[in-house]
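The structure appears right after this line, and notes come after that.
Letters are used for the chains, namely A, B, C and D, taken in the order the chains are written, and counting of residues starts over at 1 for each.
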Amino acid sequence: MNRQRLNIGIIGAGRIGRVHAETLAFRVPEAFPMAVADVNHEAAAAVADRCGIPKVSADYRDVLNDSSIQAVLICSSTATHADLVVEAAAAGKHIFCEKPVDLTLARIDKALAAVSKAGVKLQIGFNRRFDANFARVRQAVASGEVGTPHRLHIISRDPAPPPLAYVKVSGGMFLDMTIHDFDMARFLIGDEVEEVYTAAGVLVDPEIGKAGDVDTAVIVLRFRNGVIGTIDNSRRAVYGYDQRAEVLGDKGSIATANCYPNQATVSTAESVRRDLPLNFFMDRYTESFASEIRAFVEAVAGDKPVPVTGADGRIPVVMGLAARKSYDERRPVRLSEIA
Amino acid sequence: MNRQRLNIGIIGAGRIGRVHAETLAFRVPEAFPMAVADVNHEAAAAVADRCGIPKVSADYRDVLNDSSIQAVLICSSTATHADLVVEAAAAGKHIFCEKPVDLTLARIDKALAAVSKAGVKLQIGFNRRFDANFARVRQAVASGEVGTPHRLHIISRDPAPPPLAYVKVSGGMFLDMTIHDFDMARFLIGDEVEEVYTAAGVLVDPEIGKAGDVDTAVIVLRFRNGVIGTIDNSRRAVYGYDQRAEVLGDKGSIATANCYPNQATVSTAESVRRDLPLNFFMDRYTESFASEIRAFVEAVAGDKPVPVTGADGRIPVVMGLAARKSYDERRPVRLSEIA
Amino acid sequence: MNRQRLNIGIIGAGRIGRVHAETLAFRVPEAFPMAVADVNHEAAAAVADRCGIPKVSADYRDVLNDSSIQAVLICSSTATHADLVVEAAAAGKHIFCEKPVDLTLARIDKALAAVSKAGVKLQIGFNRRFDANFARVRQAVASGEVGTPHRLHIISRDPAPPPLAYVKVSGGMFLDMTIHDFDMARFLIGDEVEEVYTAAGVLVDPEIGKAGDVDTAVIVLRFRNGVIGTIDNSRRAVYGYDQRAEVLGDKGSIATANCYPNQATVSTAESVRRDLPLNFFMDRYTESFASEIRAFVEAVAGDKPVPVTGADGRIPVVMGLAARKSYDERRPVRLSEIA
Amino acid sequence: MNRQRLNIGIIGAGRIGRVHAETLAFRVPEAFPMAVADVNHEAAAAVADRCGIPKVSADYRDVLNDSSIQAVLICSSTATHADLVVEAAAAGKHIFCEKPVDLTLARIDKALAAVSKAGVKLQIGFNRRFDANFARVRQAVASGEVGTPHRLHIISRDPAPPPLAYVKVSGGMFLDMTIHDFDMARFLIGDEVEEVYTAAGVLVDPEIGKAGDVDTAVIVLRFRNGVIGTIDNSRRAVYGYDQRAEVLGDKGSIATANCYPNQATVSTAESVRRDLPLNFFMDRYTESFASEIRAFVEAVAGDKPVPVTGADGRIPVVMGLAARKSYDERRPVRLSEIA
């Protein structure tokens, strides 16, 4: 290679680690995937082979100790994120960490403190901010195109619930799934939420209820600036991955529709129809995954602020804890009650 | 006229009285508008002239005392509805009464008792049930096309707030505007609401707040059958009258879009655009006004049950009072707390 | 009735006669349907009963001889139109005549001469000009919203072919069906066609071919002003009545979509779909039928020019004859070759 | 690199050469861009630098003489295509050649004969076949989803005319622009065209007319199987790149809409609008460019038939010549008149 590239190490070679590795290998000429580590060495090797990554290891410390590496992507399981952030910061690496940083505020705060102390950059993997649709909504709000915002409505429904085993360790729907929507709410409105109220239930699968979680929810958000937000979550929309947002302001509204595999409409004697929306989050958000990694590389290479900060990683966890508390106590809960 | 028609008297010759008179005159061959009364005699005379109504009066008693008249439409101001229902029932007339019957439950109950005692029919003017879009949503739910319902979302936004003078006597947004949505929620889901939670504010016009009312609201509805409903209200959507509904069930969803004056799309160097949605409720709901009157005439002429009963007129008032209480006390309120 | 109304006689109580009678009875307060005549007296009587028309006859001369009648609607079969126009003109009646005036130019010219000599008004029943969608396209062209027009594309497909018996007497698809599109082309562009080229075939039903007609066609129109038009005709679109138009100009384009019974979209595990478009021309063009009659009444009552003239009735017949000649001779045909 | 890759040489480092080079470098792990040649050495070097291509030359013969290279992409100017195909075939390279192979049939036939004699593979760069929208239309036709096809309508409008200098050497609109649509017509219907009729004019820019070309056209296609096709071309659609197709069959229709940068709709007091369609063919067809190269690599690596053959490259040129002859002589022209 005859150009200066940012050498990056990848910790975790699961689904999202593989996606980020491919982005680095094939779509970000300014970066180079130098190493990949996973306790499952075979998984790491497969990713390395696919993406032309020279160094493979079963031990993430081989990545952290590699002085040729300037930044790491933490793509391992959630429980390991906070400790890895602390260690990576101590090793002087810039950090891209998948969401959530952790499910407990104490561990998040410890991680953020380590980052702060080390003076490295930390970007959180809220990829949806980089999706063309949501970015367009943000632009309409930020530019004043729809005026002062009054209402925000986010629809976020999965095509099907995750396996029950995952549900049990996920931290619950509010921290596993709604966390993306909490981030999106803050991003789209550009202000902070003060109070949440949750109406939720188990309508999709009783087993989810037995595991102590919910599968259907409405969360009402009261923003500091008066905006009233609503998040509509379901673990199962049989027609596909339903991801939309609408903002009403005093000069108009902006609303996004879903993304489809094609723009074809078939008209027959029965109906006028189109194929189902993109069904898998990897397809729906393909470009946003690439864009967030590009943004991270640019921030590190250009020594610019990251677009999704550690605080952006912390607040949605506070909101998730408040949403659950509201559901448990059947009352509105202020975020200040949580942290 | 050489056919048997149902003779109907109209009490109140304001905007909605005129619409119903035209429907009777021009679009329901089975009925005949025999008389119209309004304290403003000139208004009554104008309607009579336009619609070929033989009898005109400034006194509604002339209508009630007319033995050739079998049914009356009560289209006067809200404050007079309950008493007129009582008197019309006593006169043995079948009754179509505009919503709301009254803003207090005691007076509603008195009116319903009078109707019950007299054995006449009473239909409440929730016209939106007869709109092709909302009727299609109801059909999808009732037929199982979208399976067991989990979520209901109603968007109901006016193009502009009413005059402040009206706001002050309207009973507040929840009883004046949301009352239609409370009816729609019960109609679409086919079940009763047990609890409401209101997040609301004054975002459109501070004068509305000074008058003690709100102009922007989200009301969360908890149905007996587990469905979670949300109503999105605003007194001002600058792009027009925004009236939509969506139901998510375990077999799919159904969602309606707004109605437009035409199906044309203009593409220029600036944008791809269409004309604004129908802006005025009389245009948007033209057909539904005619259909509800037809349904009333059919119920009376055929001695069949009316499609919107007195109870259907009472419950939305309970919901409106609960919604206000929830707003005032910042907590979920059960309908059983109200009545 | 206490108002001055225009008394109108209706000749022909078939489907379209009945529609116009209902419009006059129920939707045009300025007019009054005074008489209806049909060789099928029973049909005339049924319309009279439905619409409160005082005079019924089996003989159209009873209408023409009625001095209380100022205008007539000619809704009888096509073969009778030209003679009835001549007789009505001689009787001094203003005339609304269903399209086509006739299938031969000589008879059309005789009818137009009679109208001209009598000094009465003649409006031709090209109702689609009054449809909100096509009117919006015309407005975009006339106002310059899409700039100087370059291209016109009209899609006009029937849900199903007419009965074969009708096909045989219809004058052929170009004079029976495309005639509406020829009128629409002239109306939308506001200029005249000089040359047509037809590519057509029998793809829907071989019986139509045996009857000497075609069922699928593309007609290319060369306008005087350089615009290139195309008309897409089919006798069978299984999904419904397909009626659309698009104009491309140097500042943009305008395109219309079909009309649907509702704005609901159903999403299931199979597809995202909506109900079929309005399937029947009476439903699709309901409002346009009423509007054209209103326009006729206004033109007569206010002594203003009619919006669709005798010449507008003649030219589409020339175009239809040219389209057929082009099909027969497999070459472009100039209208000047016809007449 | 530790995997077996197909080594490919790229001849021509202009816009399309660069796109294909990036695809090979970043999106097709099974291939490797080994060399790039361009008479403009600087352009070739820039592409090599961007894509990590080891060998750079100003002489295409360096590519053809490189025994490590198994296949070449011919991305140079049209006038050089045919000779390069002949030389590449003689060198035993598999060939991907941009469209058109040439503007004269004699030279195309010479090139195809050379390919045939050498026994190498030749794929033509009709990328649009690989677009998700058009592929979906083809699927609907091929699978019988819309039944036996009757009508095909292709809209293909550029956002703006090319520079006049290019117009003069382009071979004319029919061979430069419509050629894609001729290919698309054959692809979508899966049958051959027998006759074309062209209505065309100079409506966009008189300078184009002075250069002997047209800028607006309708081409009517008569297929062997009776389908009637229409192609709508314009050199300027101010709203963007307009690329649509519709097929009507006896069981229904399929129609594609344009592609947009996002799915957001903005509603204000003026209009309900969305951003303009993708404006640049590179954006609109990004994925199709990658897919066609992947298909070529798969065909060569797997020794399978290429999806777009030399004959597929020849026939659209015949159609383009016939379309021009039809325009010049103002009559339908059979393809058998051309070749």
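What we mean here is this: a contact is a pair of C-beta atoms (placed from the backbone, for glycine too) under 8 Å apart; a residue touches a chain by one contact, two chains touch by 3 or more.
The structure presented is a predicted model; accordingly, all values stated were derived computationally and were not measured.
Participant: Could you let me know which interface, C-D or B-D, is made of more C-beta pairs in contact?
Facilitator: C-D is joined by more C-beta pairs in contact.
Participant: At the place where copies chain A and chain B touch, is the share of residue numbers found on both sides over half (same) or under half (different)?
Facilitator: same
Participant: Select the chain at the greatest separation from chain B, using centres from the mean of Cα atoms.
Facilitator: D
Participant: Any idea what the CA-fit rotation angle from chain B to chain C is, to the nearest 5 degrees?
Facilitator: Fitting chain B to chain C on C-alpha positions yields an angle of 180 degrees.
Participant: Could you work out how far the Cα centre of chain B sits from that of chain C, in whole Å?
Facilitator: Centre-to-centre distance between chain B and chain C: 39 Å.
Participant: Could you give the separation in Å between the centres of chain C and chain D, each centre being the mean of its C-alpha atoms?
Facilitator: 43
Participant: I'd like the Å distance between the centres of chain B and chain D, where a centre is the mean of that chain's Cα atoms.
Facilitator: Going by mean C-alpha positions, chain B sits 58 Å from chain D.
Participant: Provide the list of chain C residues touching at least two other chains, using ranges where the numbers run on.
Facilitator: Answer for chain C, listing residues that touch two or more other chains: 237-239, 251-253, 267-269, 275.
Participant: Please output the residues of chain C touching chain D within their complex, sorted ascending.
Facilitator: 148, 150-151, 153, 157, 197, 199-201, 203-204, 216-218, 220, 222, 226, 228, 230, 232, 234, 236-239, 242, 248, 250-253, 330-332
Participant: Can you tell me which positions in chain D touch chain B when the two form their complex?
Facilitator: 237-240, 267-277
Participant: Tell me, which parts of chain C touch chain B in their complex?
Facilitator: These residues of chain C touch chain B: 1-3, 25-27, 29, 49-50, 52, 132-133, 135-137, 140, 145-146, 251-259, 261-269, 275.
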